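Consider the two complexes below, in which chain A is the common component and chain B and chain C are the respective partners.
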Partner chain A sequence: MKAVIKRFFSTKEGTLFGIFLLIFLFMTLISPGKFLSVYNLQSMAYQLPEFGILALSMMIIIVTGGINLSLTYTATFSMIVGGLAMSAMHAGGSSPLLSVLVGMLLMLVIAALCGVFLGFVVSYIGVTPMLATLGAMTLFEGLSLNITKGGAISGFPIEFLVVGNSTILGIPVPMVIFVFIIIGTWLFLEKSKMGMSIYMIGCSPKVSYYSGVKVKKILFQTYIIASLLAAVAGILMASRYNSAKESYGSSYLLQAVSAAVLGGTSINGGEGKVVGTIIAVAILQIISSGLNIFGFNRYLTNVVMGAILILVLAINFLVDRKSARK
Partner chain B sequence: MKRILSVFLVMVVFLSFTWAAAQAEADDEVTIVVMPKLVGIPYFNASEVGALQAGKDLGINVIYTGPTTPDAAEQVKMLEDLISKGVDAIAVAPNDAAALTPVLMKAKKAGIVVLDWDTPADPSVVDLSIHQIDDKAYGEHVWDLLVAEMGDTGDYAIVTGGLSAANLNSWIDYGLAYAKTAYPGLNLVTDKVPSDEKQQMAYQKTLDLIKAYPSLKGIVGISTPAPLGAAQAVQEKGLADQIAVVGTSLPTDSGPYLEDGSLRVGTLWDPAKLGYLTVVMANDFLNGKTPKNGQDVPNVGKIEVWDDNRTVIMGPPADFLKENYASYKF
Partner chain C sequence: MKKQIVTMKELPLLIILVGLAVIIAIANPAFLTIENFLDILKSNLVLAIMAFGMLLVLLTGGIDVSVASMIAAVTVITGNVLVNFSSNIFLAILAAVISGTLMGLVNGLLIAKLKIPPIVATLGTMSVILGLTLYLTNGAWITGIPENFVSFGRIRILPFANRDGRIIGLPIQVLFLIPVIAGTWFILKKTVIGRGVYAIGGNRESAERMGFKTDSILIFVYAFEGFLVGIAAIVHTSIMRQVDPNAFLGFEMQVIAAVVLGGASVLGGYGSVLGTAIGVTLFSIINNGLILMRIPVFWQKIVVGLIIIGSISIDMLQKQREEKNQIRVDVE
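Here is the complex of A and B:
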């Protein structure tokens, strides 16, 4: 038993989980009775999923060796178009349930189209992912602004708020959705044939190609799947904030990259685990909430997050080097 | 094992560090949160000074905190954390009114007094709404200043902070509606031009405007960096005599441009006073006192209260000219 625990904590994810426990303990100590309260745990369970899903989406793309800078704008663009339809149908007298379903479906469809666009540009035209998605970011933002004229789309049926603001057996609905997404992503990335191909492409597209992997097709599909995940995050945000706007979650973009990298995903691609990303997301969440409850200066919160990120990366690097020497 | 130990050591050092800071804080006093749209820009730094000063004067605990980017999602998260922390009142300047409605409802359910300041939130969830200014009067005032400087006929343009900022948009809309009836001779050459709340961007866009519309006689800059960027462009082109720049700028930043006339006049309220007033109003409300029209608030002045007994207006703006800007400290 002891050996098993020891072995777990010496893996990358195990170390990360150890750090998570330490930080959790630390936060509990500095805000007695406040951090470790039902209310706060629940409020963190509402906050975590939207960011966690975005981080998973980012991670999948990073594993292919790319990066998706248009991630949050894919989410907001799809939520704006879907939200517009939803509120228009609601105002037009359609049944609330129908408006919600059509709106959410439209959000997924629009995101899938964004993914088709990204995937096409990156894999079939061959533009570097960073440049392609940077362009797409501005494009989606511009399209969104043209629709909203800078305001927010609101007037959703009250039923839509259930998605992001209610609980099932005391567990917030976003968390339930998140758990399904985690399992789905894990099965897809780490257990399926396509997932295997994604890791291979991330290691070396050329070798994958000569090994018979349909590199372009797989890349193309990966962008669509990642964009669909972004849409789910978009649905949660639109519901939680009861409105849709182009700038929602813009601060999640780089945080999603940090979470993926902190979770052990190699920024060069080919390496990364779902569980690592999830622990990393949880770490960032408890630091943010914990320091906030404690009343820590917000700039220093960023400093602490950055410091922990660098610390973990350094540890990972040293561990890698040590095991390479062996 | 060594690895875990070293991480643990780092955490312990960190812990003892913040532990000391925690001891300094007493827990049973009144705590009021003032949340700006973002921290780290001159305007909201100035209001922080006022809010904290009010806390000191009243002997209450004021937390001034906000996101480092103007993102409504980030504000929601921080507010949720602060509700967990347990505070007495929250005053927020929403990046987006609709997005904050659910979390502010949660705050009310938790028994927290909710105010908005600087930018209005959804009126159905706030107990008090602290406005720096009457938006309509302010918009019209800016256009009056423009006409005083460029005359009531001719071409002009608007450089604004961002297309999605509700307060900037409402000043511009009121100003434009007013200009239509009061100054029919004015001709707006193009739609309002956004500048991302950055002086550099406003400067660049103004250079483009000057090139595209040589007949330009006036520029209105809305948002604090916009008039400065516009003035910088006019200064560089040596057109201070032909193009009148007016706008909403902070007096200390405006100094260099007011001196040579590239910025004719700036107009704004004192953000520190706004922060101060917000804390005073929140504290009064917690003590069961509602604001009254004409009430004289120490260090702020006479305030105006609308008939809904909820909307508080700080007062008319101050105009900054070459002669008087140096006497202001913000």
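Here is the complex of A and C:
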């Protein structure tokens, strides 16, 4: 038994989990009754899924060797268009259930279209992901702002709030959705043939191409899938805030990159595990919740998150160099 | 001879520039007034100065998304030095340039020494610098910039009276832009660093094998961008006469868009000072045109996004076609 535990903690994911436990313990001890309270745990359980899904989406793209800077704006742009339809139908007297379904479907469709756009520009035209998604980020933000005129879309039917705010058997619905997404992403990335190709492309697109992998097609599809994940996060956010706005979740962009990298995804692509990302998401979530409980200024939280990202990459580099020397 | 001045890449840009100017001028005659041109020049000096630093960064195949947070921080530092410490203009310039260069140096060290990809490293420093700036200032404006600095910023070169009798002329801040352009051109064309910049953009490994000190060159490039941010901060403060820590949200996108529009390929290794100058001008005129044609301000972001994606896409498609042609030659 001891040996099993020891072996578990010596893996990359095990070490991460150990770090998670340590930080959790630390937060619990220095804020008695506050961090480990039902209220805080519950609020984390509602926040974690949207962040986690965005991180998984980012991770998939990073594994291909790219990065998706338009991630959060894909989520908010699709949520705004879908939300607009939803509230318009609701105001027009359609049945609430129908408006919710049409609205959510539209959110997924819009995100898929964003993915088609990104995928086309990156894989078929060959623009570097960094630049393509940087441009798309501003583009989606501009399109969103053009619709909302800087405000927020609201007036959703009350049934829509169920998605982000209710519980099944005491478990928050977002958490249930999150678990399904985790399993789905794991099966897709680590167990399917396409997932295998994604890792290969991340290692070397040229080698993959000569090994018979349809690089362009798979990259194209990967962007669509990643964008669909972003839409799911968007649905959760819109439901939780009961409104849609272009700036929702924008702080998750940096954190999603951090979570992927902290979870062991190589920033150069070709490497990364779903489990690692999930544990990293949990670590970042308890850090930001903890800082919030200690009354940390929210700007300082951004400073901490940026510092964590740089620190993790610096440590990765030093560790890699050490093992390379051996 | 002509080909040397305007290369293949820049000629279409010039044509677009002229065409666009004609369209805007037809839509709104106010475009073709000297006042409007001076206005465009003045309101885009900061963009132009920072664009030349970004050109070098993009040429190495890197990117710097922290420039907006850097100039926000530097203007806050400069503003505080001016208001609370000394009204000496040279001291303010020194403070701005040193703080900007130091921030750029940090970026350079992270990217060159720790091999962190530029996009991630600068995303991290962006978050840290902007977070600290907003925390320390609480978003509050700095006003009460000393009178001598304000009047320095108001100086006009070659002043003359326009039809309404108002005195107009080139803003003094242009004097900062000219050496920046000349300096960037000199670095790129006449120094080993400049050759190294192009070499790294082509292929970092072979640049290293050729004997370029790639680490030092990369550190220099990011520090130079920081240095220019410092100069831009002085220009901005002297024009605005106050400091708003939130003034530059999203500004990095405009800088990148302007340079990319001028033909700096982000794969690195392409791009020139002239191209960037045209890119900045084109970008400024597009922005000005949007205002003159009374297009809602939200469109500006859409235009910026389309410019970035569109101009690089065209670049890539051209490259693909060239490669195909080369293959055909090989076969024959």
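Descriptive notes on the structure:
Here is the rule we use: the second predicted complex is superposed on the first by the 295 of 326 C-alpha atoms of A that agree within 3 Å, B and C clash if a C-alpha of one lies under 4 Å from a C-alpha of the other, contacts with A are read in each partner's own complex, and residues count from 1 in each chain.
As a working rule, a contact is a pair of C-beta atoms (placed from the backbone, for glycine too) under 8 Å apart; a residue touches a chain by one contact, two chains touch by 3 or more.
Quick caveat, the model's predicted, so the values are computed rather than measured.
Contacts of A:G92 after superposition: neither chain B nor chain C is touched.
In the superposition on chain A, A:T15 contacts chain B only, with no contact to chain C.
When the shared chain is aligned, chain B and chain C each come close enough to touch A:L145. Once the two complexes are overlaid on the shared chain, A:L134 sits against chain C while remaining clear of chain B. Using the contact criterion defined above for the overlaid structures, shared-chain residue A:G306 touches chain C, although it does not reach chain B. Once the two complexes are overlaid on the shared chain, A:I125 sits against chain C while remaining clear of chain B.
By the touch criterion defined above, A:N268 lies against chain C but remains apart from chain B after alignment on the C-alpha atoms of chain A. Of the two partner chains placed by superposition, only chain C is touched by A:V257; chain B is not. Residues 145, 149-150, 297, 299, 302 of chain A lie at the contact with chain B in one complex and at the contact with chain C in the other. Residues 1, 3-4, 7-8, 10-11, 14-15, 18-19, 22, 25, 39-40, 63, 65-74, 76-78, 80-86, 95-102, 162-166, 169 of chain B touch chain A in their complex. Of all residues in chain A, only 67, 69, 121, 125-128, 130-132, 134-143, 145-146, 149-150, 253-254, 257, 261, 267-268, 297, 299-303, 305-307, 309-310, 313-314, 317-318 touch chain C in the complex they form.
Contact residues of chain C toward chain A in the complex are 63, 65, 110, 114-117, 119-121, 123-128, 130-132, 134-135, 250, 253, 256-257, 260, 266-267, 296, 298-309, 312-313, 316-317, 319-320. Across the interface of their complex, chain B is touched by residues 6, 9, 15, 18-19, 22-23, 26, 29-31, 34-35, 37, 39-40, 43, 46-47, 50, 145, 148-152, 154, 161, 165, 237, 240-243, 245-252, 288-289, 292-299, 302, 311, 315, 319 of chain A.
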